[in-house]
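I'd like to ask you about the structure that follows.
We just call them A, B, C and D in the order they show up, numbering each chain from 1.
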Amino acid sequence: MGVMRISHINIRVLDMEASVKHYVNVIGMKVVHTDTAGNVYLKCWDEWDKYSVILTEADIAGVINLGYKVESNADLDEFKRRITQYGVVVEDIAEGGLPFVGRVLKFNIPSGHEMYLYADKEYVGTEVGAVNPEPWPDGLQGAGVHWLDHALLMSEFDLGNGVNKVEENTRFMIDVLDFYLVEQILVGPEGNEQLATWLSVSNTPHDIAFVGGPINGLHHLAFYMDSWDDVLKAADVMGKNKVKIDVTPQRHGVTRGYTIYFFDPSGNRNETFGGLGYLAQRDRPVTTWTEDQIGSGIFYHTGVLNETFTTVYT
Amino acid sequence: MGVMRISHINIRVLDMEASVKHYVNVIGMKVVHTDTAGNVYLKCWDEWDKYSVILTEADIAGVINLGYKVESNADLDEFKRRITQYGVVVEDIAEGGLPFVGRVLKFNIPSGHEMYLYADKEYVGTEVGAVNPEPWPDGLQGAGVHWLDHALLMSEFDLGNGVNKVEENTRFMIDVLDFYLVEQILVGPEGNEQLATWLSVSNTPHDIAFVGGPINGLHHLAFYMDSWDDVLKAADVMGKNKVKIDVTPQRHGVTRGYTIYFFDPSGNRNETFGGLGYLAQRDRPVTTWTEDQIGSGIFYHTGVLNETFTTVYT
Amino acid sequence: MGVMRISHINIRVLDMEASVKHYVNVIGMKVVHTDTAGNVYLKCWDEWDKYSVILTEADIAGVINLGYKVESNADLDEFKRRITQYGVVVEDIAEGGLPFVGRVLKFNIPSGHEMYLYADKEYVGTEVGAVNPEPWPDGLQGAGVHWLDHALLMSEFDLGNGVNKVEENTRFMIDVLDFYLVEQILVGPEGNEQLATWLSVSNTPHDIAFVGGPINGLHHLAFYMDSWDDVLKAADVMGKNKVKIDVTPQRHGVTRGYTIYFFDPSGNRNETFGGLGYLAQRDRPVTTWTEDQIGSGIFYHTGVLNETFTTVYT
Amino acid sequence: MGVMRISHINIRVLDMEASVKHYVNVIGMKVVHTDTAGNVYLKCWDEWDKYSVILTEADIAGVINLGYKVESNADLDEFKRRITQYGVVVEDIAEGGLPFVGRVLKFNIPSGHEMYLYADKEYVGTEVGAVNPEPWPDGLQGAGVHWLDHALLMSEFDLGNGVNKVEENTRFMIDVLDFYLVEQILVGPEGNEQLATWLSVSNTPHDIAFVGGPINGLHHLAFYMDSWDDVLKAADVMGKNKVKIDVTPQRHGVTRGYTIYFFDPSGNRNETFGGLGYLAQRDRPVTTWTEDQIGSGIFYHTGVLNETFTTVYT
C-alpha cells in the first residue's frame, strides 16, 4: 500500500507551439492527447501510463499541480483519512478530475502547491512493449529521456518571520504520505532548519524535493536518463537547439546524480538527471549538508551555487 | 512494512585465502570480521550495514544461505505468521543466529535454499559518511562495487517429472514475502511454464531471481556498479588479475542491465551488474520472454545463451 | 609527404542486398554510388572523401584490394620509384583505375594482397560540414561509425616451411611506404618471429595490421567510434538486428582499444573499434607481446583467444 | 621528418609546494626531478620521455617557454635554416639548454612566446612498459591524465592598430614548422581575420592553438584523457580538492573535445581534455567558425562564451 511515484506534472507555458516543440524535440517526449481546452499531454518512451506532463497555456509560467500514483483505490481511502486528520481539506473526485485518470484526491500541501493522488491511469505501455522487449526503441528524438523523475518545489522560507514551508512540507510528506527523508540541507543559527529536503517513497533518491525561497513556486521538473553519457547527448541536443542552459553537465553532491539545468521556452527550469546515484532505503542514514557546504551539495564540481539557483524560478 | 533488500549471502569457498583476495582485490570489498570458526565477513563501500558477504571454507562451493532485511522486528511477527501458514517450518532465533544481527527468522524456500529474515544489523555507515559526503571514497580497490545486489538461485526444473521449483519459489516470494514479478521466461508446450523469474521487493529490477536447472544451487551472486564504464573498469581489473571470465561485458535483455559473469577462485559465479535498467514498479507490466527469445533475453548482444549458462553452477 | 590513411577497402559479398542493408542499417554508412558493374560504394558520415567501402558481389567473401591516400601526386612518383626498386611490379594508372579517384599506383604487397595508392579522390565533405559544424549529425543510423579505420590482413605464416608473410609485409610497409611498427606479437623458439604486427603511418595505433594464418586473406575491416559507450550502442544495434557476433564488447590489450568483432552477412569479419587507445608516435617504444601473453594481447579481459580468431577469415 | 608533438611547457607558479600538490594530486602527474634552481619537473604516466611540465617559482604566473620534439637531430638543421630564413633569430644550443634534453633550437614565435625544438630527451618509458603492458597502471592519482596535450597561447590582437599576432603565429607555424591549420575563428568587417586558430602537426585536432587577446600570454595548458567519463572523474577530483573551476564539463564546438577549464593555485588555467574529437588530416577541410557562432565554437552546450574566457589569462 502507498504512493508509488510522481505520475504527472501540469505546468503553465507561455507559447504552446514553442513549448511542445521543446518537450518533443529536445526532451524527447511524444504528444499523446490535446484536450478541448487546448492542454497538451505528453509521455516519455519508458513510461507505461498515458501521460506524465500536461502543458497549459497561460500568461505566466510555473506549476499548476502534480500528481502521484498510489497502488490501489483502497489506498485513497486511507490517505483521505490521514490528510483530513492532518487538518487539510481534501477533495475526493470520483472520476473526470483528470483525463484518463480514475478517482482523484486533490489537496494542497502546506506550501499551497496543489497535489493529486490517484490509483488508476490509462495504461498504454512503454515503447518497447512487455514481450521480448528491446532495451531502447528506435527513432528516439532529442535527449530521449526515460521518464518524469521528480519535481523540486520552491517553498517559502523566511526564518526571520518564522516561515519555513520546506519543513512543513517535509513533515506532511512523511507523516501523511509515508515518504521518508533522504537528504537535507540544514541552516540557521542552530544548524537545524531545513533549507532544502529530498524525499523518497521508493528507492530513488528523490520522488519530490523542496527548497526554500521567496515564494511557493517551481524550481524545476526533472527527467531521468541512464548515464553520464546520456547527459552529454542531452547537452549536445541542447546546443543544437540553442536551448538556454542554466548549468552545464555537473554532479550534484546531493543524490550524487548527474545534472543539466536548462529552461523551457517559458522559463520553466528543466533538469535532465542521469544515474541512480544510490539506492535509497528507509534504513539508510539521512544525508545532511551543512550550511558551509551548500555549494558542494548542490554543485559538487564547482562547490559554488550559481546565482540563478536561488533567484530564478517560476 | 516489508522486506527491503538482500542483506547478506553466505557462500562456500574452497580456499579462504584465495577467496578473500578475490573479493577484496577484484570485487573491491573490505574484510570487516573473522569469526572464531574462520568465517570471513566482507562489506562494500556503499553499504551501511556491517557486512553483506560471508565466506565459509568447505569442500565444495555453493550457497549456504541468504538473508533479507525487513523494516522492523514487528514485520518478523507478520512474516512468521505467513510463512507458517504457508506450511513452511520457520525457526525464530532471538539473537545470535548471525553475528551483528538481531532476531532472525530462518526457513527454507520451496527449492530448499535457506533464507533468513532480520530487521537489525549493526550499522557502521558507508565509506563516505552521512554528512557532506563525497560521491565516492578515495582508495577504492578493484572494481570498487557499490553493494551486493541480488542472487540468482538455480532451482530444480524437470517438466517431464512435473518439477518446477522456479514456479514454486516465485509463488512463495510473492504470496508470503510480498515480492512482485518483474520479468519471466516462459517455456513448455503451452508456453506457460516459468523457466526463470526475476522478482523485486523494491524498485530495482530484481532483488532475487530463479532459473531452472538440474539442482537447487547457486547460479551467481551479483554486485552493483554505476555504469557501463564501471563495467569496463571491472573487466580491466579482471584482466589484470587473470580472473576466469564467463561472459565479457554485454547487455542483458532481461533487466536491460550491463553484465560481466566471472568466477571466484572456488567456481562460484559472480556478476558485476551495472546500470539501473529501469525503475521496477508494482504496476509496471511484467516483461515476458518467450522460449524462442531466451538467448536475447539473457545475452542481448549475441542473442545466444553460452553453454556454461545452464551447465556451470555451484 | 607520405601516406595519410586507409582510404578504401573493396570486399566481396555474397548477397548484395543483404550486404548493403548491413553496412547501412548496422554500420551506419550511406550508399553514395553504384557503378555499372553493380559495385556499391559507401561512405561514413565523418569522412570527407567520396567513399571508403566498395562492395562487389562474388561467390566467396574476402578482400579484393585496399587503397591508401597519399598527400600529393608527387608522392606517387617517389613511391613508384621505391616500390619498383624493392622489386615489386607497380602499375601506374593515369586515371580511371577507380571511380572518383585520380592517378593510381597498383601493386601487391609480399602476401599478395592488392594495394592502391592515390592522392586525389572526390571531396564531398563530412555530414556536419566545415562551417560552424555540429559535433554529430542528426539522423544517424545503426552504429553511426565515424570512418573506416583499418584492416587486419591475414598473411601466410608457416614457420616450419620458413614462410612468414607477416614479417615480409611489415618490412615492406616500413621500408617502402614509411609506416612504422607500433605493436607486435613475437613467437617461435627464439621469440623473434612476428606472428602479428600493427603499423601506423599517422598517430593512430594502426593504419594496417597483419596476422599470421593459413592463407593470405582478410581477418577484419574496422570502423572507428568515439567511446566505450558507442561500443555499447553498436552492440545493442547488433542485438536488434540479429547480427552474428564473434566477440562481445571487450578491450584489446594490443592498442588498448574497445572492440566488437562480428560478421557481415557474407561472413566478412567487421570490427567496431572505439577509443583512441593512445597516440602512436615514431619515437614511442614498440610494444611487444610475448607468446604466452597472446591471449591478453588480443582479448585483454578474458586473456583467452577465442577459437574463431584464428580459424575464421575470408 | 618534422615536429612530432609538444614535449614540455615551462610555467611560472607562485607557490611551489601548492603547485606540486596540484599537479600531482589533482592532475595525477609524478615529480621526476628537481634541479638546483628549485625547478620541478613532472611527467604523466603515459608519456615515455622524462618530463613534460616544468614549474618555476616566480612572482607572477604564466608561461616561460614550450618545447616541441622533432624526429631527428637532422631535422633541427633544416628547421634552423628555415627559421633563420624567415628572419627569426635562433639560438642553437649543443646540449644543456634543458635538463635531460639534447641539442636545442631556441627562438621566439612572432608573438614573442619562447619556443624550443629538440630531438633527444631521456627515455624513461610509460608506467605500463612496452612488454605485455596493462591498459592502465594501478595506483593512479587524481585525474590520472595521459599526457600533456597542447597549449593555447594568448596572442596580441588589436585590429584597430593592425595587430594580429594570431595570424602571424599561425603563418609561422605553417610556413616554417610544417603545422597545418585545422580550425579557425574568423572575425572582422570582412570576416577574414583569424581571432583564433588551432593547428596540428600530427593527427590530433591541435598540437598548438592561438587566441587573440590584450597580451601575449598563456590561456591554458591541456592534458589528455580518454573519455567523457574520465572528464567526470576529473571533475569529481576537482570537487574533492576544492579546485577553482572555470568551466564545468562541456563540449567544445571546436575540436568536438570534452573539456573542463580550471586553475592551478597560481591562476594558470588548466584544461583536462577528453576524447579524440576527430582525426585531423592535412587534406581534411579547415573548419571555420564565424563571428556570430563563437559562443558555440568554444562552448557548444551553452553557446555562450563565459566572461573569463577572454579576460582571465596569465
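Couple of notes before you dig in:
Everything below uses one rule, namely that a contact is a pair of C-beta atoms (placed from the backbone, for glycine too) under 8 Å apart; a residue touches a chain by one contact, two chains touch by 3 or more.
Only a predicted model underlies this, so the values are computations on that prediction, with no experimental measurement involved.
Judged by contacting C-beta pairs, the busier of the interfaces A-C and C-D is C-D. One simple way to say how far apart two chains are is to compare their mean CA positions; for subunit A and subunit C this gives 49 Å.
In whole angstrom, the spacing between the mean C-alpha positions of subunit B and subunit C is 43. If each chain is reduced to the centroid of its CA atoms, subunit C and subunit D end up 32 Å from each other.
Annotation for subunit D: residues touching 2 or more other chains are 135, 227-229, 236, 239, 251, 253, 296, 300.
In terms of inter-chain touching, the protein chains here all touch one another pairwise.
Those residues of subunit C that touch subunit B in the complex are listed here as 228-229, 232, 235-236, 238-239, 242, 245, 247-251, 253, 258, 260, 296, 299-303. On the subunit D side of its complex with subunit B, the touching residues are 134-136, 138, 227, 229, 236, 239-240. Within the complex formed with subunit C, the residues of subunit D that make contact are 4-5, 46, 48, 69, 71, 123, 125, 130-133, 135, 146-147, 202-204, 224, 226-229, 251, 253, 256, 275-276, 278-279, 281-290, 293, 296-297, 300.
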